[in-house]
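In the two complexes below, chain A is the common chain; its partner is chain B in one and chain C in the other.
Right, the complex of A and B next:
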């Protein structure tokens, strides 16, 4: 365990930035935090979480995959990848750290997504424990410990000091390069962890149960008559899917860049009317079906294929952002039977 | 803060259901917390008594739901309309977007809605309860032993700070007292933008619109956006894009949308309320409203059913296009 004083955090970040480019949550002009590239004078936000999730670093909203140039009958395919350098994402919360594991199980299984993989290998994650979680937080329901988040390095921030613990070789390598971190015992961190656990127990969603979901529940839940009420006022926008750290669907398209064709991919949303549109049309014709797809995917299909791990991390962004305040917690409480009453 | 009580709304809804005037009720449904309220259709007195809610967070404008609800339903639907919602209601009727015969509209007074983000700026996260007490909201959090008092006025949503009317322009029945059209200061921010140099204004919008995640929430909530198939959702249109392929497109989406709703936007403010990136989208629409007022005389979309909007009308007094061109020199 290492530590530095709170007022020294900027000089520590400056040193880390010498080893690899640092991104951290910074308050914007609207007072909301977003990940930005570190620079002298940028302050680490006090916000609990960023408006957009940290998945952007590994799975950006849009990315160009390749370019094509045609000359006569020849087509030249140009690899335009440029991810060569390590980078550090500082200040990632436990929920978002877990989201990377969930994305890995999609992008790093055969056929491996080499674009995602390259960024994942170059990324070093410094997580931070949650000193002041929100009423919308429910990471505990998915077994995430907000007092002790995963990542290459874990950081705890108290009033006076910032504590650093490396969890991986990558993390240890990085911390070794930083001067100004002093060794310390674990007493202060243990105290902070206990404090956070106490808060987690007091959260309004602390007892949210996943008991009625997971592998094997498809037949039971798919035809529930509750989907109608739940999806009744859904606008069909993509807010929940785009602020979600684990939503992983994308579309691949091409555009004419003038001198050639660029193939790009962008996030897609199961809430959209043309999602997974095929030559025979869209398989989910109503908003009820599209709405159901999103929650069944997170709570049933994903765990079915991934050793029981749920496709939600309880970050609460959809709770805060849905225009009609419909969200996975309301779905779980409505469908979840007596455990969630 | 709201003068009309939850009990009186539930009582009205139950009596209209029971006497057969309506078969369903479009209202606000209780959430997990006191601020996360979902629009819902209620079909029984029991449902209404259990889950119906009316408080300072019932901001959602129900008018647009009438397009799909009246299309499907056999019976009449009761809809509660705040003054600003009634303008959207009229505008949709003007555009023949829903069946008036299938709606029973109850106008309800509104003292302005609170913005939970503003509440959180004062009290922080961890809210476990919000109660209304006179002019205050009493907020309990898991972090403080004593509840924190917040003055409603300080946490009003932007659109309510600049409320343009407390008068209902449509209803079958009115509960509570009728209000007046207000001389609001809603164009102040537009004027501030007009005074900027073109470069400053471009930078302002670039900063705001670059935050856009193309979730389409602004479009999907907008009562003026009721095309059955939006051009941006049509893979055959050639302009469909789930993400901007460059920064220019980002701006184009919102500017095209603003043009499309020009003269039809009632300034209900739903676009900015729902934006997950806090982009002040209503300012684009307000600029159009302000220009229309200045070019063709005061015009409020939705003030009456059947109004002919200046942009689809012609009078001899209409401004010459050249005059618009000349305004460029004034940075406006």
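Right, the complex of A and C next:
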């Protein structure tokens, strides 16, 4: 365990930034926090939850994949993948750290997605224990310990000091390069963890139960008559999927850049009516079916494929952002029967 | 498994032959610029073909793995990519990536069995690969029956190959049918599901069924009436696909990705998936 004083955090970040470019949550003029590139004078935001999740770092909203040049009947494929530099994402909360695991289980299983892998290998994650959760948070329901998040390095912030603990070789290598961190014992961090746990237990959604979801529940939940009421007002706007750190659906498209064709991928949403449209027909005709897909995927299909791990991390973003205030918690409460009353 | 660095990044393919099968289906022969088969595959697997600037789409590899010289795709004209391909000429380059999907279990569950193939329309495309594979290794299988139907004689895919090769194969019985009577057609007339019931097959067969959803539904009912179990009947599904490797989420049904865990399924396996395909 290492520590620095709260007032020295900027000089520590400056040193880390020399080793690898640092991104951290910074308050915008609208009062909302977003990840920005570190620069002298940029302050680490007090708001722990960022507007956009951190998935952009590994799975950007749009990403060019390759280029084509065509001449007559001939085609040339140009591989535009380039060497990436290491970068540091500082201040990631436990929920968002878990979301990387969830994405890994999609992009890093065979056949491995080399675009994602390259970013992931170069990313160093510095997580932060989350002492000021929002009322919309429910990471605990998915077994995430906000007081002790994963990542290459974990950071705890108390009134006076910032504590740093490396969890991986990558993390240790990085911290070794920083001067001005002093060794310390774990007492203050243990105290902080206990404090955070108490706060978490008091959150309004602390008792949300996952008991009625998970592998093997497909048929029972798929045919529930509750989906009709739940999905009735859904606009199909896709906001919930775009703000979600674990939503990974994408589209592959092309544009003609004048001197050639660029093929890129971009986030897509199962909430959109054309997502599954094909020449042979449309398997999900109504918004009910599309709405059901999103939540069934997070709560049943994903765990069924992935050792029971849920596809939601309880970050609360979809609760805060849905224009009709529909969200996964309402779905869980409605479908979860008596366990969630 | 596929080479890590090649996910989503295709190879160049060259169209070396275009055969007109029906008014809206053409069969394209594809090799690499060096003149070899783009990659090895198993019966029932698919490939993503694309025309840069137009788009990418998934197609069954209709040629058999035993064909070591080239790959073939039977493509129905119905949208951007397929329209473009239909006007392409020999020598045109396209891109190709694959093979994708889980193949038919030709070397295990099919081994030693009598096989009954039932296809409607372009549904013959994925089955042709299996049929020719099983014909090639005929000592590994029992008798092969093929029931194939289309709207009219002009809509039958691979007609020349069926007449010149399949019907002459001692191990194979071919039963063709068209929806309505037509001049110059002295074969069976009527829909596939009814024809299957009329033919009344023994239930000792393993069935491979592919065609339009409505034809699949009625044929499946008919087979069950004849006493077949769902666990004896295989099909291949079609969903919208983009990545082909189980990542873009588009072809997800229940906990399966049709591009990766399918497109080949047994009907008893499908009963465990939500009815969304």
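Everything below uses one rule, namely that the second predicted complex is superposed on the first by the 339 of 341 C-alpha atoms of A that agree within 3 Å, B and C clash if a C-alpha of one lies under 4 Å from a C-alpha of the other, contacts with A are read in each partner's own complex, and residues count from 1 in each chain.
Methods note: a residue touches a chain if its C-beta (ideal position, glycine included) is under 8 Å from a C-beta of that chain, and two chains touch if they have at least 3 such contacts.
Keep in mind that this is a model prediction, so the values were computed, not measured.
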Inquiry  = Based on the shared chain A superposition, would you classify chain B and chain C as clashing or fitting together?
reply    = fit
Task = Classify the contacts of A:251 with the two partner chains as first (chain B alone), second (chain C alone), both, or neither.
result = both
Task = Answer with first, second, both or neither: which of chain B and chain C does A:239 touch in the superposed model?
result = first
Ask   = With the two structures laid over each other on chain A, which partner does A:304 touch: chain B (first), chain C (second), both, or neither?
value = second
Request  = Return first, second, both or neither, reflecting whether A:277 touches chain B, chain C, both chains, or no partner chain.
outcome  = both
Request  = Figure out whether A:10 sits in contact with chain B (first) or chain C (second), or with both, or with neither.
outcome  = neither
Message = Quick one: is A:289 in contact with chain B, with chain C, with both, or with neither? Answer first, second, both or neither.
response = second
Key: Touched partner set for A:133, first chain B, second chain C, both or neither   = first
Request  = Considering only touches as defined above, state whether A:68 meets chain B (first), chain C (second), both or neither.
outcome  = second
Task = Examine A:268 and indicate which partner it touches, taking first as chain B and second as chain C; both and neither are also allowed.
result = both
Key: Minimum C-alpha separation between chain B and chain C after superposing on chain A, in Å   = 9
Key: Shared chain A surface residues [contacts with chain B and with chain C]   = 251, 268, 277
Ask   = Which positions of chain A touch chain C when the two form their complex?
value = 65-66, 68, 70, 73-75, 77, 79, 106-107, 109-115, 117, 215, 218-219, 222, 248-252, 254, 256, 261, 263, 265, 268, 270, 275-281, 283-284, 289, 293, 296-297, 300-302, 304-305
Partner chain A, residues of chain C touching it in the complex = 1-2, 4-5, 7-12, 52-56, 78-79, 82, 89, 91-95, 212-213, 238-240, 242-243, 245-250, 252-255, 272-274, 276-277
Chain A residues touching chain B - in the complex, by the definition given at the top = 28-32, 34, 48, 51-52, 61-62, 132-135, 199, 202-205, 229, 232-233, 235-239, 241-243, 251, 253, 255, 262, 264, 266-269, 272-274, 277, 319, 321, 323-327, 329-330, 333
Note = The chain B residues in contact with chain A across the complex are 31-33, 36-41, 60, 65, 121, 124-128, 142-143, 207, 211, 213-217, 219-221, 229, 233-235, 240-245, 273-274, 276-278
